[in-house]
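Below, chain A partners chain B and then partners chain C, in two separate complexes.
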Partner chain A sequence: MSREVHTLAPDEFLDEVHSFEFWFHSIQGYLADAEYGHRPGTPESELPPDRRERLITVLCNYCIGETAALDGASGLIGFAPNRQAKIFLATQVVDEARHLEVLIHRLAELGVKDPEAEIQRRATRSLQAFRRRLLELVAGKDWEAGIFAQNVILEAMEFAAFQTHARNADPITRELLEGIIKDERRHMGFGENDLGRRLSATPHVRARLQQIKRELDPLVLETFEEMLAELDVPREERPELGRNYLETVERLGFTS
Partner chain B sequence: MNDTVLREAENESGKPRQRFILEDTGFNEVPKKYRRFYRRQTGPGDTLAPNEVICPVCKVVIRSTRELREGDRVYCMPCMSRLVVVRTDSGHLEAHVVY
Partner chain C sequence: MSDFLSAYSIQNWLESCPQGYLEGTTFGHASSESEPASILENPILREDAIRGTVQLVVGERAALAASSGLINAAPDEASKRFLATQTIDEARHVEIFTQRLFDLGVKKTELEDVIKAMASPHLVAFAGVLLEKVDKKDFVAGVVGQNIVLEGLAFSVFEMQHAVNKEMNPKFAHTLAGTIADERRHVGFGENRIGSLLKEEPHKKPAIEKMQKDMSYHILATFADAFRRNTKAFEEEQRIGDRQRELTGAAPGKMEWQGANLADLAPAEMEQLLASTVLREFKIRLDRLGLEYQTPAAP
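Showing the complex of A and B:
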């Protein structure tokens, strides 16, 4: 029987969860038997043409988000402030690459002949703009802004969108999204906790991040709206989906 | 989810804490040795046991081998958060993130 996890010392806990070893044994639990993100025996559904088209549009935009996260996480490693953050981000890079791969594979399963071209054709303006701004922040080696944009804002948006989508998706897409959501918990948690520690130590950083939040919020909301419309989520349920993001930024002390 | 109550022990501030044997709930997002400390919420009818709190960051249910009380420290491994148990105005226990 293992030791009670909650008796670990704080430093012991952080060392444990930021290790490659922890990541490896975590993903084995839910990916060991999967092929391209889903169980091999999961049946393919016959989707009506309109629903299939809209699913392709949504998956193409998920690919944009995951590509942004892949580029962002790999860029952040170079100027991460410590070993724990570098190792964690290395595991995140692998996660994001896997997400991109399984989403592209799903597009091919849905009959998309040239997924790369289709992704560019169907990408929304707001998500493309978000991606460009995120990569500018990373290129500027701004750790707090990069982590905020990527691991707090982008990850919280993806977490909410994927959870909503998974509830109403066909079985293969659902399994694929559920696997991604499990990875996203780590990414989101890393972002909030790293930034929370930094803001506690250097509260003056908050004003700069508040400005970035003001700049990115409209793009996040527009992306949400576009995706949720494609997913047929009723308008009255949409504010609920942004709640996770709002709760996260409130915990970090940001205002709307 | 009700775990087996192991014994009533640990006399802290006069009132003993219940102890629990944690069962595996099928939670598979952390290494095997830590899985029994977490479970997924099962929906609106899901009630928390005295040894459980919800992680506000990732919404997983965190479990302990002992009854939780205000001021206890707990960890959410699925999202890597450190948390402290607080009592709300309504008298419920909930977890708050400690950065």
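Showing the complex of A and C:
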């Protein structure tokens, strides 16, 4: 698996980058020495009680997002249009499950006794609503809508939120978020590539996806607002995260 | 429950599987290994290898659909996470067995047609029984069908094939060794997780027992189909083996499995041995779960 992927023909490229082998070589670089998403020697910070509380709330909501991603990606496998997409989504499923696991482990490190109950207790309304809508789209077996909501909107939302958070996080949380961001990049790449090819062949699909975006954007932005308040980001800096998200989605060809 | 499920974490999976027994492999075997010329250059043996591998791809595609489909129905986070590792294991199996079809000379453009033409209809029906439960989000029945019946079947088939190929085709034997290690983990999860859920929902037992009976029937029919079809390949292998022994003077090889030397068995005897092993294992595992084994009709 040492072939230079960018020199491959389009079909060979997809075969290569959507394979278990490719995934395995990608994650080896940053997970080989990690335990639950961070190096064993990374020091734990002494967080003041209120900051710790806020971090727990934020991590609980990340868990909701990652559970949505896990349920969404696994649900997409059943009606993925080809073998390569199924195999890629299987790698995404285990990535999302890993994210959930490292976040739950982090909650335990922060002293949360029953993470599952805590996650339900602290989940924001907007993120719960987002999750329900995503799973409706997946249950409807609508490939374009499902992959758009999952691998473009949800992944871009997480990507923007985790990048912002990682900049100001304690060392352990930062390391595990950086590992997650690397995975999210791969997932967005898949969404962009798959939808890009479909949209060039069937441009009328774009209008339907724009409609879904209009429906989901307020939930994403509301979730950001709630998270940023918990992370104590100054009010004047909060629009930046929403802008980052909108720009990421725009780069994929979807404007507001 | 949580203690047992912690053994099935992603962290454990990463350390034992990709960073453990798969480390240094390419598509499940050493990169220096290839399919033997005796298969690639013999049309009868090559077709038999392709037909056999097609059944593995069909079975693994069903396992991929089932394990991913069950994640949404899982009652707790830890089970979801285990099923995520199973999903990627099954995807890897689909990938390595598909790659074997390419190694055997199937063209990428012909893949789906070859699978469609060679897949046993009984195996397809077997997958249909399982996926119906998964589609209904019936977690308990789905996990019994997937992790006890399908995985139990795969475990025995892979072990038998491993014994047959150990000396003749080390590349394929190594590919199988990794899948056997995976299947062992999957069966272990099924046995551990379902026992407690069945205690909570004992009314589900009759429907699950019927599912096992239906799936077992299709298994026996798949075996009958497979072993009847490979008579020519079996005779060809015997002929090549006899000729080699004449030339080299070497003693006949041993292929030990379940107390028998497979090299001494005719196809019908191998079918009997495999079928009785699979059904016996079902019986033991179902008994552990408090389910009553149902004898399937003879195909």
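Keep in mind that, in the parts below, the second predicted complex is superposed on the first by the 241 of 256 C-alpha atoms of A that agree within 3 Å, B and C clash if a C-alpha of one lies under 4 Å from a C-alpha of the other, contacts with A are read in each partner's own complex, and residues count from 1 in each chain.
FYI, a contact is a pair of C-beta atoms (placed from the backbone, for glycine too) under 8 Å apart; a residue touches a chain by one contact, two chains touch by 3 or more.
Just so it is clear, the model here is predicted, and its values are computed rather than measured.
Answer with clash or fit: chain B and chain C placed together on chain A by superposition.
Here the two partners, once superposed via chain A, fit next to each other without clashing.
May I ask you to decide whether A:129 touches chain B, chain C, both, or neither, giving the answer as first, second, both or neither?
It touches nothing on chain B or chain C.
With chain A at the apex, figure out the C-alpha centre angle toward chain B and chain C and round it to a multiple of 10 degrees.
After fitting both complexes on chain A, the angle is 100 degrees.
Answer with first, second, both or neither: which of chain B and chain C does A:22 touch in the superposed model?
First partner only.
Looking at the overlay, what does A:47 touch: chain B (first), chain C (second), both, or neither?
In the superposition, A:47 contacts neither chain B nor chain C.
May I ask you to decide whether A:200 touches chain B, chain C, both, or neither, giving the answer as first, second, both or neither?
Touch partner of A:200: chain B, not chain C.
For A:10, is the partner it touches chain B (first), chain C (second), both, or none of the two (neither)?
Touch partner of A:10: chain B, not chain C.
Name the contact category of A:78: first (chain B only), second (chain C only), both, or neither.
It touches chain C, and chain B stays clear.
Per the contact definition in the header, classify A:166: touching chain B only (first), chain C only (second), both, or neither.
After superposing on A, A:166 lies clear of both chain B and chain C.
With both complexes overlaid on chain A, what's the closest CA-to-CA approach of chain B to chain C, in Å?
It comes out at 13 Å between the closest C-alpha atoms.
Flag every residue of chain A that touches chain C in the complex, lowest number first.
Within the complex, chain A touches chain C at residues 1, 11, 15, 19-21, 24, 27-28, 31-32, 35-36, 67, 70-71, 74-75, 77-78, 83, 86-87, 89-91, 93-94, 96-98, 100-101, 104, 116, 135.
Spell out the residues on chain A that touch chain B in their complex, using ranges where they run on.
2, 4-6, 8, 10, 13-14, 16-18, 22, 25-26, 29-30, 182, 185-186, 188-190, 192-193, 196-197, 199-200, 247-248, 251
Please give the residue numbers of chain B that touch chain A in the complex, ascending.
Touching chain A: residues 28-35, 37, 56-58, 60, 64-66, 72-82, 97, 99 of chain B.
For chain C, which residues count as touching chain A in their complex?
On the chain C side, the touching residues are 9-11, 13-14, 18-19, 22, 26-27, 64-65, 68-69, 71-72, 76-77, 80-81, 83-85, 87-88, 90-92, 94-95, 98, 108, 111.
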